[in-house]
Amino acid sequence: MIKVGIVGGTGYTGVELLRLLAVHPDVELTAITSRKEDGLPVADMFPSLRGRVNLKFSSPENADLTKCDVVFFATPHGVAMAQAPALLKAGVKVIDLAADFRIQEKAVFEKWYKIEHTCPDLLEHAAYGLAELNREDIKKANLVANPGCYPTTMQLGYYPLLKNGLVDAGSLIADCKSGVSGAGRKAEIGTLFSEASDNFKAYGVAGHRHTPETSAQLQRFTSDKVSLIFTPHLVPMIRGMHSTLYARLTKDISNEDLQKLFEDQYKDSAFVDVMPFGSHPETRSTRGSNMLRLALHRPDNGNTVIVLVVQDNLVKGASGQAVQCMNLMFGLEETTGLMQIALLP
Amino acid sequence: MIKVGIVGGTGYTGVELLRLLAVHPDVELTAITSRKEDGLPVADMFPSLRGRVNLKFSSPENADLTKCDVVFFATPHGVAMAQAPALLKAGVKVIDLAADFRIQEKAVFEKWYKIEHTCPDLLEHAAYGLAELNREDIKKANLVANPGCYPTTMQLGYYPLLKNGLVDAGSLIADCKSGVSGAGRKAEIGTLFSEASDNFKAYGVAGHRHTPETSAQLQRFTSDKVSLIFTPHLVPMIRGMHSTLYARLTKDISNEDLQKLFEDQYKDSAFVDVMPFGSHPETRSTRGSNMLRLALHRPDNGNTVIVLVVQDNLVKGASGQAVQCMNLMFGLEETTGLMQIALLP
Amino acid sequence: MIKVGIVGGTGYTGVELLRLLAVHPDVELTAITSRKEDGLPVADMFPSLRGRVNLKFSSPENADLTKCDVVFFATPHGVAMAQAPALLKAGVKVIDLAADFRIQEKAVFEKWYKIEHTCPDLLEHAAYGLAELNREDIKKANLVANPGCYPTTMQLGYYPLLKNGLVDAGSLIADCKSGVSGAGRKAEIGTLFSEASDNFKAYGVAGHRHTPETSAQLQRFTSDKVSLIFTPHLVPMIRGMHSTLYARLTKDISNEDLQKLFEDQYKDSAFVDVMPFGSHPETRSTRGSNMLRLALHRPDNGNTVIVLVVQDNLVKGASGQAVQCMNLMFGLEETTGLMQIALLP
Amino acid sequence: MIKVGIVGGTGYTGVELLRLLAVHPDVELTAITSRKEDGLPVADMFPSLRGRVNLKFSSPENADLTKCDVVFFATPHGVAMAQAPALLKAGVKVIDLAADFRIQEKAVFEKWYKIEHTCPDLLEHAAYGLAELNREDIKKANLVANPGCYPTTMQLGYYPLLKNGLVDAGSLIADCKSGVSGAGRKAEIGTLFSEASDNFKAYGVAGHRHTPETSAQLQRFTSDKVSLIFTPHLVPMIRGMHSTLYARLTKDISNEDLQKLFEDQYKDSAFVDVMPFGSHPETRSTRGSNMLRLALHRPDNGNTVIVLVVQDNLVKGASGQAVQCMNLMFGLEETTGLMQIALLP
């Protein structure tokens, strides 16, 4: 059994890790830290876990995380970089769900996250946890940077197009929509029910932290200069993410070949579902599951290709993807404990 | 024109007052205070008011509220009692949307609200602002205690039954449901979209502050001892309140006579709609309007009568009712500025 | 492996059965019928099942259900009674999720459901599928009447009170609230998003079909005459049911003893969670799981006891409960395939 | 008083017309037709109108619409073209909220709407009812084609850019999102609460009927060839529309000048609010009001300009816009009866 610790179990990615790991056949939940909730039974905060998770939150001081085989950081940015070095030294694997190790360039990280990076030497050792594109690196890694939710959809949607040089890398437009849980479990007016319900808006159009992460990763797929317009929006739903990806085709290709390209690319990826050409994937078809579904469109058979991508932002976009990485890091079947079917309706 | 001041314009009852008063033909919005938002244009916080309300928030010190004819307190409990005495002395009428003057007994107030009442001598001068049952008092009042949202539905629903001695006052059960805006515009985890959406729960069953207010008012309608079970619930909708009121009939009466009793009681009340016997009023039929609708049921023609009552908790349950009181206090037609039709769908 | 057939796989209880059975370790999905969708892959209608359920809908004529070990009827009332006799004769077990076998008295059934009962002789052989109160009967049964969603909450909530003679059976009031999926997957105006969202209402107050079912079952728990007021309401959420049950105590009992009574009653029931006294269970704590949670309240320590009960109406209130019955009928562990943790948030 | 008739009063644009016209100071509601609901009081179907609209639905045969001064068609496509010629002949003005007169080319209309156009001669006499761009035509018109909801946002958002030759007309991308009421009040599975809630999806990507209408209108603003990608999505909210419009700048222009261009363009348009550069308009800031709000963005000061546009799809996107046209056609102030402030929260 893999002994698992979770730092920061009181947020949405934390409770989602608990939901997944509590039924994972090879995992033993060992420690969950929260300074604020020290001593509180986890199930008192999340009654969905009553009878299933018997741990209590413990303060970081009392939790001996070095006894774990792997520690997940479901924390705000900056926490993992402070604690990861010691854990890694003690032989504990680390999976960070925040951004601390996602961006390879220290300066870029510090520009966007406004904090100093305190262990930049670890950056080159961190594997980027997008298994579908980076499986072998993850298997060998002790430190994994779990991708952001938006970047996951953009990378898996654009990859086959960029990799095969089919589109103009310099005019990508990603119009993305996220459920409200992406904003986290924080007391804020903007995400109150009475503010976010029955409402729709864009946010962060001038610059969202997922832009540099995505641009840097997309750039790895092509030698052309990538230029990405990324517009995030807030949808009045709890879970779910829908990315509408636009690209301009620069090569002549039939719709059948386009479709085949995507199907071939992901035929061995259990969690990527390439739907029939022209489908309209719904976010709810992934609710609570680790699936990402996508479909291709080409209006009027012109030179614009649209990729519609959906996922559950808390599962494939966060905690499920992290467990997927853990499975790879420990030599387990990639799908272990992740075969939940989406809750529909 | 009536010069109006609002203390605490940044909450939901505050912005609702602004929505109503900005189109009221006899009102001139004069001052809105907020210590925290001093200097901020009101429309920057509430873009729905862009081009319609040109005031800025001002700190209480800078706002000379004594120049107003009437001041509304859309504040947490305790603010009105601190400022009302000076305003009243200066000849300004006061309408408090919080609880400071709702409960006549100082000790009861202090038990439930955990603060000392600093001007108990004003309690007997405060008119209880439920126009349908207390119209004449309000007309003469300089100080009005605007009723709570739940109490409004319970009083208007139970009144004809208690007044006419038809039911057992000692076994009233009010099962009430409120939209989330009733919790106010406060940064709290419990009312986040991701917590309150797609969810339903009871809260405060052990004791809600609206219980003593309601019990005391109901007691005024009958000489029998009133005993009320009041169970509030939270509904995943922004606005709306639905009270399901149960009472045990102690007298023989036909359904037709019951219905007639209610229709006669409210025939001169423009904002109370007695629907046909056996109707199922929907909260949305009052969304954004000052209407309260109710309907009677009598399962199996037995001795239980059910009154279903709906209203918009922010309008008839708060700000609309306050404007209704203002109209009466200034000799205007009771319905002035309050004839908006509910937004459906 | 148990060979399972489903009649009527296009509704919400049908797709929920598929979600549960597709991951059940002892089940082989064998046939799903739908006259209208004959030939359509199930996953084309429900994309959440892509890659997980490869069956196609087949017309009843083409599906040889007699090859199954058990057939679930996820159909409107009247279908099971037409097909069950032949299946039972062929040695196939039958679980009906509709009402055909829930009411023992033919006349009562026909009064409420407005159709003739065509196999009344089977009524006495049908086990009522509420495992927590009827486990042994279900184990031996070939025909199970799966309880209605509302009745499940009312029975499990009232049982310990009635069984122990603690309350006045003649004045029960059940104020119940259901998510919209309870209305089924039918094209109707009343349950459109634009009608049901941001809205709350009671419905069927004059008489809901779950009343006679519940009354008859409750009557089995006590020799006193049961009289039940049951008021259903529609909540703007997809899944979830919350019943607020009121009863008048007729015996002196401490809160501690009340609590213990419930805990003892359900200590061997894996799917009933008795929460601490005074808790407020939330429907979302059961979303997608087979758990029913309840909590006791006693306002002002008076003679009214309130039981708050929550469940997912499609799982414990329908398909999960049906699988629970199947497990018992086939000698499996009762919890097999039903240990999903609720999706929160 | 203007005598108004409404054909098709049972849909969402119909009831919205009633909400607006019932409080319009210069209107007398005269007739509302519905074959199916002949004789039913309007307020029985829409309880929000109880006490405010006392008309009954009447069958088209019984309603003498020729007595009206103006008739609104809130009907599916094809109805207005059948009845308009006779009404116009009788001197009655006609405003069609459907598509019958929106597309000038008969062949294009017939290709997209799959019905024959039976009065093509009227097409050239129909004014396109987008007052902000076509005010003078509307004032003189007897027949107005009220614009579609999506086209309204796209035209008002792109107009200043195209008119001034600032962007590449051949690479417009409009990523649009609509609330569910846009699908109308029709019994359909796809827009049930349990299908559309907590979900997000694109639809009609391969071709939506608003594409030819918009393209034809946009083409009028520029001599360059317009090519538009239009991607509609469904948002789980009742009302509201958000269009995210992308265009590639072909001329050098500062953000200040861009902003000024828009402000100047709409300075006399009471219902278009140009928000400060870089704002994020929210759909709820227009809920129930006739306002359309827009804001400009320019990521990284590059050559992509983004226009964010919001409106209430049932008001500025349909019924409010129609009343705005009526005001102009009858020489009233354009804003008469349309100054409702949005309902927030």
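Observations on the model:
As written, the chain order gives the labels A, B, C and D, with residue 1 at the start of each chain.
As a convention for this text, a residue touches a chain if its C-beta (ideal position, glycine included) is under 8 Å from a C-beta of that chain, and two chains touch if they have at least 3 such contacts.
Since the structure is predicted, the reported quantities are computational estimates derived from the model, not experimental observations.
Considering the contact criterion stated above, the chains in touch with chain B and with chain D alike are A, C. Using the average of C-alpha coordinates as each chain's centre, A ends up farthest from chain B. Looking at which of A-B and A-C shares more C-beta pairs in contact, the answer is the pair A-C. As a whole-number value, the distance joining the C-alpha centres of chain A and chain D reads 39 Å.
Between chain A and chain B the centroid-to-centroid distance comes to 45 Å (mean Cα coordinates, whole Å). In this assembly, the C-alpha centroid of chain A lies 36 Å from the C-alpha centroid of chain C. Touching two or more other chains at once are residues 12, 179, 181, 185, 194-195, 197-198, 236-239, 281-282, 284, 287, 345 of chain D.
Those residues of chain A lying in contact with chain C across their complex are 12, 15, 19, 22-23, 46-52, 181, 185, 197-198, 238-239, 273, 275, 281-282, 284-289, 293, 314, 339-345. Against chain B, in their complex, chain A makes its touches with residues 12, 179-181, 183, 185-189, 191-198, 236-238. Contact residues of chain D toward chain A in the complex are 171, 173, 175, 177, 179, 194-195, 197-203, 205-207, 227, 229-231, 233, 235-240, 242, 244, 246, 248, 278, 280-284, 287, 297, 299-300, 302, 304, 306, 308, 310, 345.
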